[in-house]
Each structure stands twice: as structure tokens, then as C-alpha cells.
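Both complexes below contain chain A, partnered by chain B and then by chain C.
Then we have the complex of A and B:
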């Protein structure tokens, strides 16, 4: 019945112990993985909520940033834009990734980092006119950057967790639906085979016992026969002797008589 | 990975890009490669796609890619196909067009997972 869905093993007690150990391991692993999947899902949900929340605020913050930039442009004229576009040198704002551990899954987290790189040419933007407005716009975009780095962290976490949850669930399912039943079937198979062997052994022993009993009886019968024969022989010889006595007429004196006291002997007439 | 941290790449219209450059994300490396792309009226979809591919797969020093939604729509297949965790691609609203959460590739996945409207 479970011929396909079990391991190919010899049905021995040692193998049974090994398989039982493996089954135990599979069950424990399943429980652990399930826990891990739960932890990941919990985190995943939290991240999802946070993403939705941030994305909504992002709209507002970006609108604000754009608005302040427009004001800066209005105040400073086209020259501000060119000053900015030409002023690109080394990045002042970078992100640094650090790892966070959730149930054994490493989730990268981004931190906004000011490298302190001087941006001398960028500083010149709005020097002629609208300096304050440009500063405002810079502040607004920096604020947006902060939010965006958070969002980037969340999004990476989302993607990483998504992947991790999928693999974990795959493992949980594999253990639940494939490995564990297979091992259980193997245990069942081995137990069945062992039972079968035991029954065979029992039957064999019975047979042996019966044979032994038969042998003993046979021997006893033979002994009895011999004893009976002996008895018969004895009786026969006794009878023979009695007959002898009777024949010799020496009633009770035993066979042969006395050869020396001849006068008591009857004359033998031929 | 750079010890100073990784770069933030920007693909967007002139105003958006300028804004972020003002905040200091702009970078020109030794080989004169830019970490941003200003999409003007004459920028073709291929140019955008090339820049997006460069930021997401070729360049090792980019950790976050900001792309405005209108431009992301033009290379939607690429944005949707990007499934790796790093660099993470963020869709941002631009000046003229308000933010539409429904076309955001990540948000649509989020909503799909949460069920309902995702709020």
C-alpha cells in the first residue's frame, strides 16, 4: 500500500531507530520553520503597513519640495538651475546599508549618510538672487531624501522578506507533505515487516517445539517397548525355569539337582 | 560596496532631478559617469531603459534608484521586472502629476498581498 511513498531501507530494528530519529528531526524542524515563517509574516505585515503609510506621506512631501523649488526658480531665475546642474561633483548624500536580523533573515537597512563632501560650486546656486529660497528648497529635498531612504529600506525589507517567506513556506510544505509522511510510512513499513518476521519466528518455534515433542514421545515409546520386551523376556525366562523345575521334578530345588548324592537319584531306565 | 556608502540614482524630469541634486545626491565618478538622468522632451524610451538598466544591474555603487512615476510608466516592463532587493527602485511623484499609488509596482504588490484597498 505504501510501497511508493517510503524510503528504500532494510526492515531492521537499527534502521527503525535511525528512521525514527529522522522523523523526530523532521517534526522538530517543521515546528521551527513554522515559527520562523510566522515571525517573518508578522514582520512582513508591519513593513507593508509602513510602506503604505510612507508612500502616502511621500506624495505630500514631494509636492512641498517641488513647490519650494519652483519658488526658488522663480526667485533665482534659470541661472539657479544651471548652477545646480553644473555643480555636481562628489555625492554629498549617500546611503549606507546595514543588516538587520529577523528570524535568521538578513534585511538590509539604509541609512542616509552625509559624506561631508564639499560642494563648492553647488553653494554658488542662488548666490545672485533667491538664496534663501534655494536653501529652503534644498531643505525640502533633503527632507524628502530622508523619507525616501526610509522607504527604500522598507521596500528592500519587503522584497527580502517576501522571498524569505516564500522559501520558508516551501520548506514547511515540503516537510509537512513529503518528508514527514514518507518517514512515517517507512516506520510503518518497518514495524509491519518486523511484526511479520516475529510471526514467522513464532510459527517456526511452534513447529520446532512440536517436532521436539514428537521426538521425545517417539523415544519414550521406544524405551517403553524395550522395557516391555525386557519384562516379557524376564517373565519368559522365569516361566522357562519353572517349567524346567517341573520337568526335573525337583520342585523348588532348582535345576540340575545334586550330582554327588546319587542314591537319591532315580534310576534311569533306558 | 563603497566605504562611504552607496549612491542614490535619480531618473526624472529636470525639476525633480535638480531638486535632488540640490540636496546633494549628484555624483560624477572618475569615468565621468553620472548617477542621474534628466529626461527631457526628446529623451527616448531606449535612453531611459539604458540608464535604468545601468543603475539597477551594471553599476555596483547604486543602492537606491529614484524614478518619477511618469517616466517609470514609460519603461513599466523593466520596473516591474526588477525584483532584486538591492538596488531598490522607488517611484516618486513629479511636479505636474500627483502621486498615483495604483500604478506603483511595489504598492500594487503590497495591495495584492494585503487584499482590499491596502490602507
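Then we have the complex of A and C:
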């Protein structure tokens, strides 16, 4: 298990430093992303609220606008419809998009821009019939359009934020549940390995020491043995000599004589 | 004398008129909750069933309005085919209004480079004339006039009113109104050649129409770049308010001022008492329809045909309002646009 949930690294001190650095980074990143997710969620909720609000009013306003156009058609007959349709030269309002930055997420924002296109022909549309109504309808639709563009911004913001929140949350979770534990495990593993190594080293040293000691002892023992051998040899030779002497008859000294101090011994005279 | 020539047509028109939707019908229709219900109800009134049979669900407001329109066109065409002079000329005059609209449509289309089929689609069938499609092909006003319009009845209006310089884009609406003014004046002139009673009745109606035209232009030109001098040129040279009322209208700048002008005329007193600006328009329409109603009460005159066409228009706009209200679930505003003059005396 520990093998699965950790990085495949050589358990060295350098690696340990590197991993520790990474772990630190992951923790800090996690905190930051968490903050970002919170900010996004906050914004998301605000947007949602605004959308609901706008949508309820939009229904009303759109209905109003359409009805005011019906009024215009009623007042001006069918011809006014064509007059209006043909009266359009250039779009009076255009939608422009810009970007807004919320916690690093770029949210498109739409707003209407008056192109300032003169509606000269529109001015007089329905002069004979229903012109005032046409202008009213135009006002109503302008209002509706502003609201629509606002709603469009909000709606796209909603979708973008939703996506961003999901990504961020995924990252937060990944950091929290995968990367950080993995790194922690790795650190643990490396530390464990290092400890093991240390213990091994210690043991080895001890072993070496023990061996050395044993060696020394052995050597000493050997030396002692050699010395003992020499002595024995010497004693033996001494004894031989003594025996020789005895053999040669010049001493009644028996074996009970001091065999060791042969040199200083006065010859025994029988 | 009248009956021998126009008796059948008049009877036909009155027959059609008696089949107009009545106040009760509108009340019933107002209770419908969906356009399917409207359709069912209209089908139960035998006249509409022929037209509505082919309407497939889901029913759209345009479908019903289109049916109503087809029916009106058919009525009108039947009438026109029966007619002999002077009724035929009179009926032709009635088509000129639509013709002007069509011409303007074609002009706009020409300026935008639309195809002639597209334009003909939008044109009102009552006001079609043969050379209409070729308006699109002509490049400039002289050509337009020389090649296309010279054969149409509109030529005499156009020559007086429009010069080449006028045909820039702003002026299409102006041309429309100038033509309409010329048309009203010409119609008035024509009516004076008819029999006495017709002339009398038509004078009343056209006076009212001229006043409406002037008032509407005045009200609708507030807040636009239409100068006062140009505004004056759009007023007709007759009308109950002519001339001093028009002079005063020309200087008006708000709806209230218009109302102040209107109050001084007994006929418009009630209209001016309304609060909302749009009520003036509505009030004027009611006035118009009421006088049409009075005209229909009399017999043996041509003005009945005019009144008849006005009632047709009213039915169309009522149906359109009603269906749109139901489709957009705005039934609370139903009364705002419906004008029901009870047709059955």
C-alpha cells in the first residue's frame, strides 16, 4: 500500500528536501485554491440571485414591450410595420463584450453601446398614424434590451463561474486527498528508509567494531601462544641440556633441581 | 334612379354590414381564453367559417387577421365588380388610400433593393395596381414618375407634391402624408360632383377625416425633427378646423396644447376632455365611426360605401387587437383598443 501511495523516489536526504518543498507548495496551493473556490462560490450565488431577480422582471418587461408594439400596430395599421422595418438602416445599439476578472476567472460581460445611428427615417414612421405609439414601443424595447444584455452577461457569468468552481474544487480535492497525502507518505517513507539506513549503519559499525575487537584479541592470543611456545622450547632445550649434563655425569642433581635456573646453578657435584 | 343603378350594390354592402361582428360578439370573443376558442366562435358565425377552415392549429393572431382581411377584400371586390359609374369611380377613390400605402412600401423596397415579389407580398390587395412591381425597377424619381406612375391615378397627386430632391430616405413618410392630403382634397373635389345628399354626407366625413389627419400628424410629430412649416404643408385645405384651427395646430408643441385647440370645437369637445394622449386618437376614431353609423342610417347615397369601408377597417383592427390581447395574455387591456359601435340599430 505504501508503495502505491507514494512517489517513486530514491530515499535520500536530497530527495527528502525536494519532496518536503513540494509538500509545502501543495499545502500552500491548497489553501489558496480553497480561498479562490470560496470567492467564486460567493460570486456564483450573487449572480444566481441577480439572475432570478432579472428573469422575473424580464418577463414583465418583455410582455410590456411586445404589447406596446401591438398597440403601435393597432394604432398605425399594418403599414406602420413595414415602415418601421424598412426604416432601419443601421443597428442603433450594439452589444459589446468585455472581461471581468473574478479570482482569476475571466468572465465575459456584455453591455449595450449606442452606435448613435441616426434613425432619421424612423423618426417619421407612422407620422400619419400611430407614430407616438411606435416611439413608445421603441422605448419599451430599448428598456427590454438593456435588461436582456444584463441577463446575458449574468447567464454567461453563471456558466463560466460554474465551470471554474468545478475545476477549482476538483483541484482542491485532488490536492487535499491525493497529492498532499502522497507527498506526506513519501516523506514518511524516506524518513523511514533513512532511519533504517542509519540503524543498519550503526549495526554495521558495531559489527565492525566487534570484529575488530575480536581480531585484536585473537592477535594477542596468538602472540601469547607464540611466546608460550618459545618458552616451552627453551625449557625443553634447557631440560635437554640438563639431561645431557646429567648424562655426562657431572651432577647428581636429579630432576628435582631447579631446572629453570640452569645457568646460575652451580654444578652439582656428587 | 339611384336604386336602379346602385341598388344591388348598396343592398350587398348593407348585407355585409349586418354581418359585422356586433358588440355581443366582441363580448363573447373577449371571454375566450385561447385563439382556438376565438376560431371556434368565429366559425360558428357562418360568414367566417369559409375563411377559417384552412387555418391549422396552432392558431396565430395573424392567421385570424388575415382571414378577416381576405373576407373584406372579397366583399369589396364583389362590390367593385358590380359597380357602374359614378359608384365605380367612388369605390376607386376608396382604394387610393391603400394604393398610397402600397406605393410607399414599394418605394421603401426600392430604396432597400428588395425584390418585387417580396414587396407584393406585403401589399394590400385592395390597393394593387398593375405597374406596382415596376416601381422597384425604376431608379430615380423622374423615371418612376415617367414610366410607372403616370398611368396610375396617383400621378396627379405625385406631380404636385414630389420633386426629385424629395426622394431621399427621410421623405418617404412625408410623401405618404402629402399624397394622402392630396388624395383627400381630390376626393373632396370628386364628391362635389356627385348628388347633393352624397356630397353633403361625404363632406362631413371627409372634413372629419381631414381633421383627424391633421391632428394625428401634429401629435405624432412631437419629438421629431419635422419642422412646423413642413407640418403646415401636410394639412389639407378643408376640414371643420380649417383654416384657423390648423394654424393653431401648427404651433402646438405638446398634446395639451392640441387639446386646448380641440376644446374650442364643439365636435371635438369630448375628445379633448380625455386624459391620455392616445385617447385623443381613439376618441377621433369613435367620432368617425359614429358619423359613419349615422351615414349608414340613410339610404340612396354613396357615402354608405365609404362608411362601410371604414367599418371594415375597424373590424380588422378590432380583431387584430383582440387576438393579440388573447395571444399575449393581456386581456385586461382588451377595452383599450376595441371600438364597438353597435352596428344593428
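A few comments on the model shown:
Criterion: the second predicted complex is superposed on the first by the 206 of 270 C-alpha atoms of A that agree within 3 Å, B and C clash if a C-alpha of one lies under 4 Å from a C-alpha of the other, contacts with A are read in each partner's own complex, and residues count from 1 in each chain.
Assume a residue touches a chain if its C-beta (ideal position, glycine included) is under 8 Å from a C-beta of that chain, and two chains touch if they have at least 3 such contacts.
Just so it is clear, the structure is predicted and the values come from calculations on it, not from any experiment.
With both structures placed on the common chain, the touch criterion links A:70 to chain B and to chain C. Of the two partner chains, chain C is the only one that A:133 touches; chain B does not reach it.
Once chain A of one complex is fitted onto chain A of the other, the partner contacts of A:221 are absent, as it touches neither chain B nor chain C. Of the two partner chains, chain B is the only one that A:94 touches; chain C does not reach it.
Of the two partner chains placed around the shared chain by superposition, chain C is the only one that A:79 touches, whereas chain B remains out of contact. By the touch criterion stated above, A:211 is placed in contact with neither chain B nor chain C.
Greater residue coverage of chain A by touch, when chain B is weighed against chain C, goes to B.
On chain A, the surface touched by chain B in one complex and the surface touched by chain C in the other have residues 63, 66, 70, 73, 87, 89, 125 in common.
Against chain C, in their complex, chain A makes its touches with residues 63, 66-67, 70-71, 73-75, 77-79, 82-83, 86-87, 89, 120-121, 123-133, 135. Within the complex, the chain C residues that touch chain A are 101, 104-105, 108-109, 111-112, 122, 124, 169-170, 172-174, 176-177, 180, 213, 216-217, 219-226, 234, 277-278, 281, 313, 317, 320-321, 324-325, 328-330, 333, 336-337. Those residues of chain A lying in contact with chain B across their complex are 44, 48, 51-52, 55-56, 58-59, 62-63, 65-66, 69-70, 73, 81, 84-85, 87-97, 108, 110-111, 113-115, 117, 119, 122, 125, 134, 137-138, 140-142, 144-145, 148-149, 151-152, 155-156, 158-160, 162-163. Against chain A, in their complex, chain B makes its touches with residues 1-2, 4-8, 14-16, 18-28, 34-36, 38, 63-64, 66, 83-86, 88-90, 92-95, 98-99, 101, 104, 106-107, 109-110, 113-114, 118-119.
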